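Common to both upcoming complexes is subunit A, partnered first by subunit B, then by subunit C.
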Partner chain A sequence: MNDDTTRPDGGVQTEPELKRGPFQRWINRSIDDPERAYRAMFYVATGFFLVTTLFPFYFLLVLAVTPEAAGLQLVPAAFDFGVFLDVFRQINFLRYMFNSLVLALTTTAIVLLLSSLAGYVFGRLEFPGRTPLMLLVLAISYFPPAAFFVPLYQLFTGNVIQGLVLYNTPGAMILPFSSLFMPLSIFILTTFYGQIPDGLEDAARVEGTTRLGALFRVIVPLSAPGVATAGVLTFIAVYNEFFFSQLMNNGQPENWAPIVGGLLQLQRAGQFQVTYGIMAAGSIIAVVPVAILVVVAQEKIVSGLTAGALKE
Partner chain B sequence: MSTEQPTGSAPRRERSGPYVAVVRWMENLSETQYAYLLLTPAFLLLGAIAFWPLVSTFQLSLFADSLGQASVGEFIGLGNYVAILTGERTALLPSPFLPQSLTVGAMFNSALAVTVVFTVISVFFETIIGFVQALVLDQNFRGRRWVRVAIILPWAIPIVVQGMIFFLMFQPNLGFLVGTSDNPAFLNQIGLLTTTPLANAQDATMIVIVADVWKTTAFMALLILAGMQSIDRSLYDVAKVAGASPWQRFKYITFPIILPTVMVAMLFRTIQAMRIYGLIETVAGCTTVPSLSCLVITTFNNRMLGSSATVAFITAAIIAAIVSVYIVGYARGDV
Partner chain C sequence: MARVQLTDVTKRYEDVTAVEEMNLDIKDGEFITLVGPSGCGKSTTMEMIAGLTSPSDGTVMIGDRDVTTLPPKDRGISMVFQNIALFPHMDVYDNISFGLRLRDYEKAEIDRRVDDAAGIVQMEGMLDRMPDEMSGGQRQRIAIARAIVREPEVFLMDEPLANLDAKLRVHMRTELQRLHKELETTIIYVTHDQAEAMTMSDRIAVLNEGELQQFAAPLTCYNEPRNEFVAGFIGSPAMNFTNGDLTGSGFSSAHYDVTFPTEGVGISPGTPVTLGVRPEDVYPEETLDDAADPTELIDAEVDVLEPMGDEIFVYLMLAEDTESGMGGDVSGDDTLLMSVSPDSTLEEGDLINVALDRAKIHLFDDDTGEALVHGVARATGASADATGEEAE
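Then we have the complex of A and B:
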């Protein structure tokens, strides 16, 4: 960590210090200067967190590329990348991925449109009933999905309104996703829209813009970072959702089951039909879209999570 | 614009038509009317897909489980609540709601107890580890951006993939964490895990807790980090000049200022942990670790709609109670 073989002045080390090990030398210096000890603790903690967060992904990768015949080792002895193609041969994984992306994008669009309107109202307008309505929206986000499940299942399977069957269609998932993830977007957009100076909106209105025009041509573009934040968070939330994704379809790709259905199908097929390597490969492929999003949009994610949660 | 022009109109166009009529109508609304108009779409959706199901769940919970073809039986008022909370219904439920006895095995078999155990332990560790992660991310160092990506990554992956990772890691003889009885791994030797941990309620709960901590600590860390970064840096300079050690700076400046943020973050995590379902379903299955949400689904699959709705509503009520405790405590600490 800290093995000084040459002294700062460039001289050769002839001092008795040489006899001590580098560790003891380091301890001595730390006692003289506690900041060094804190620095070391920092590096140890950082290293520890990097290993613990990334190791499961590494495990998944090793499991996927190690051929079945070879034993699993920390550094694989042999590689076989064909397993990533096997995933698509084994089940219609492409369709599952497509379903997931369609569901996530559609939900994001609906949520952004509706929460833009609501965020504008809560962020910029004064009207009676504002606080109770905001609390009502907040309350929704507290309820567990299980509290909505039974009636929604009955509704979507046509037991409430005859002839209205949404089970096994995108609607059965997009509707619950939209209403459950909308509160977060409303809070993020309320904050962002509330920060636009009134003068800009007034100027647009004086220029003859309609009320809605002022919202969509002035407020929304000026809050582009906020809209992007809400969009990214909604997309990730929907893509990662489990509850309704599993329960509102029968798990078949042609019935709009997202990747939850695909991976569970691989898992439940059992070890003899589907190797663990294929399950691991499928999981890795499923992570790719969100991993890219995290690398590209991490600032947005961080600011959105904190703004949305601490708003309250 | 879909303005229909009357033939032979003057150069100064008469504005009419449906679009213009709508615009004019909208311009003439009072601010309150306009506010409610814009809220209508969002609240229609929330009303149909959130408020109605909540009310309807409560309504269903007042009816007995159906024995025949109908979806629910007769109206029994609060009978379901009484039957579930007194343990009268236990024999019929896929897993008991309350622990049958005070033994460890009974605790892990009960929906309420296992959910509470899971929530308390995982939120506790997430707070501690999240705090340390936030301290690390608060430093300025090269590569900070990439360390942050690494820490957020588990938070951003689908629940089903998270479950898959831990399902595979704890497969006997697949990873190096679990061996077989002839070839026990380290964790088996020290008696922490059995050789079939995913079929054992206690082991599976522990694995689910580890998986949850792994994934959601980042959320905690980010919220706490935001609290730390809102602290006025000059406070630290003053403390440094006054000779405070880093530990003292942490204890007297950082900690008291971010405590409210930590409370909010813990509240959020508690609410989310109470609804645990997907992770359990993927890692161990709802029969091994019967969380509250799991019990809602398993009773529903047994066509016990009344009981299912009752469990769902009790879950919601428990969460509401936790939220109010936090809010009251928060308000008291604030004043």
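Then we have the complex of A and C:
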């Protein structure tokens, strides 16, 4: 259409429309309908968080697939997916992953077993000193792990008790992991076990279980979301742990070094150059198990962390 | 089936005594009910029989065994809980067979027993349901099936009907009695509902504040309550109580007097006593002939009528008895509850005369609360017709 506001003779043909850009029109509509503004804010915030959380992953991927010869760009010009295979070719990366999984699973099993017992005691029994004891247990989880390192290192390298050498064995990592991550599980399970109606435990005991039997046959199955939450959180925490993982072994796969050791090994893969690409590829592979676990267990974790209420 | 004996069973917590020297001797195959208000120790007593709580003192015997220190699973008991307590993560079959599976029964034997038990509670064909797919009544039946499937020596039932609606509760009451007849197992039942206790049990144990008040057949507790607490607790609506004094010629209160020979009462005239009489033993003047031995007439005003259909509860305001010369400061005793037949023509506000049935009057010692006398005789010395008898 032709321009309404001006004529060749300069006169005004019709009432002039207010000159508005799209932004002003949007604002005007938002004033009429504030929901639009809230929705816009939601998208902006979501976009912001998506970019800040996902961009590192994206760049990790870029870093991995950019061939060494090519320059690093935001959008890579060339791709080389062979680097993911190189990870396994250059070092025994599978063994590192296996070590990580074994350490994480073993720790999770130990933590769940012990914190189930502790959760039962704190959640279902009345005894003097219960609250202070619970607080003490929780306080341990706030201690910096570094505070434990030197004494534990001395202990595990056989300098305290002659002949007891745990350095370079799974025990050197599983023991500190278990004690560090147990308080959170105890806390979660205490809450869950405390909510199971007394009648159910009594019924199980009358029907023929011991207290311990009632715990594992009735209370634990009924607290499945809580147990799953505690288990998944422990698993991820151990899998991601850096400090003891790196210091309690010499980084060799046969000495139970977890993925951290593998990545550091990859750093040394290229003797005279920095091998960011292969390290990035290793990191991406390392993320996969946790990503799968989170996707699979997500529903349970969410319901476990938020709700936890159980009907009788 | 077994006899259950509690000897001096006491449960003390840090600051309170929940159960004080409880002695119960429950016969083999008997249906007994522990009844009392909230916090009277009835559930604690049951938990001690079950082994869920250990007594501070005393012994619990089931059959010939001293089970005081045995865990619940080794006591040969099973239990039905107030909150039903079916395991929500197991289907009906797994719930019923839980105890059998723990005891390593053969699969065929378990199936047979589960089918039997489900048949007894009329829940065949529901074995693969989950508890949350069933109604409250069905769940309670499954809980009962779980209790009977192990063929225990003693059933413990802790207010099993309390969470059911009123209609279902009455229905399940009958079912439980039928079940008891069928199984002939000793049943110990806990309830705070005296109607449940009255209707179902062979004997009832009335508890208050951790102490056994009376352990007798329901009608004995109703007709010859051992003390004022039992008299007030058993029966609905509750017994009327009037505070007064024992005089040389009978009972005297602010509102009315009842004459009777006081020799048999056992305490001396001038002592404060409480007179108790049940609503159905108060008669309006018209139907006075129905009373076995009516007392002197009492002036009263009809305050409130509560028609129940089969009877009418009449709340009476008592007029001041000027002759007794007692002051008007007695306020709790101003009313009397009377039950009359539904064809009565009484209206609110009517001034009427009522009488009590001497044969059904109870006297309680104010100091101890103990019953002194159940039923009193006529003052004229015609004591031959006294249906009442002395306590103890």
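In this text, the second predicted complex is superposed on the first by the 270 of 312 C-alpha atoms of A that agree within 3 Å, B and C clash if a C-alpha of one lies under 4 Å from a C-alpha of the other, contacts with A are read in each partner's own complex, and residues count from 1 in each chain.
Note that in this section a residue touches a chain if its C-beta (ideal position, glycine included) is under 8 Å from a C-beta of that chain, and two chains touch if they have at least 3 such contacts.
Everything quoted here is computed from the prediction, not taken from an experiment.
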item	value
Fit or clash between subunit C and subunit B when superposed on subunit A	fit
A:259 touches, of subunit B and subunit C: first, second, both or neither?	first
Vertex subunit A, arms to subunit B and subunit C (CA centres, degrees, nearest 10)	90
Partner chain in contact with A:199 - subunit B first, subunit C second, else both or neither	second
Which superposed partner A:114 touches (first subunit B, second subunit C, both, neither)	first
Partner chain(s) touched by A:210 [first = subunit B, second = subunit C, both, neither]	both
Touched partner set for A:81, first subunit B, second subunit C, both or neither	neither
Partner touching more residues of subunit A, whether subunit B or subunit C	B
First (subunit B), second (subunit C), both or neither touched by A:38	first
Smallest distance from any CA atom of subunit C to any CA atom of subunit B, in Å, after fitting	5
On subunit A, positions contacted by subunit B and by subunit C	210, 310, 312
Sites on subunit A touched by subunit C in the complex	197, 199-200, 202-210, 213, 218, 221-222, 224, 310-312
Footprint of subunit B on subunit A - complex, ascending	34-35, 38, 42, 45-46, 49-50, 52-54, 56-57, 59-60, 63, 72, 113-115, 117-118, 120-121, 125-128, 130, 133, 137, 140, 142-155, 159, 175-176, 178-180, 182, 186, 210-212, 236, 239-243, 246-247, 259-260, 263-264, 267, 276, 279-280, 282-283, 286-287, 290-291, 293-295, 298, 301-302, 305-306, 309-310, 312
Footprint of subunit A on subunit B - complex, ascending	23, 26-27, 31-32, 34-36, 38-39, 41-43, 45-46, 48-54, 56-57, 60, 71, 132-133, 135-136, 139, 141, 145, 147-154, 156-161, 164-169, 171, 174-176, 214, 218-219, 222-223, 225-227, 245-246, 261, 264-265, 268, 271, 274-275, 277-279, 281-282, 292-293, 296-297, 300, 305, 308-309, 311-313, 315-316, 319-320, 323
Subunit C to subunit A touching residues, read off their complex	50-52, 71-73, 77-79, 81-89, 98-99, 102-103, 132, 146, 150, 156
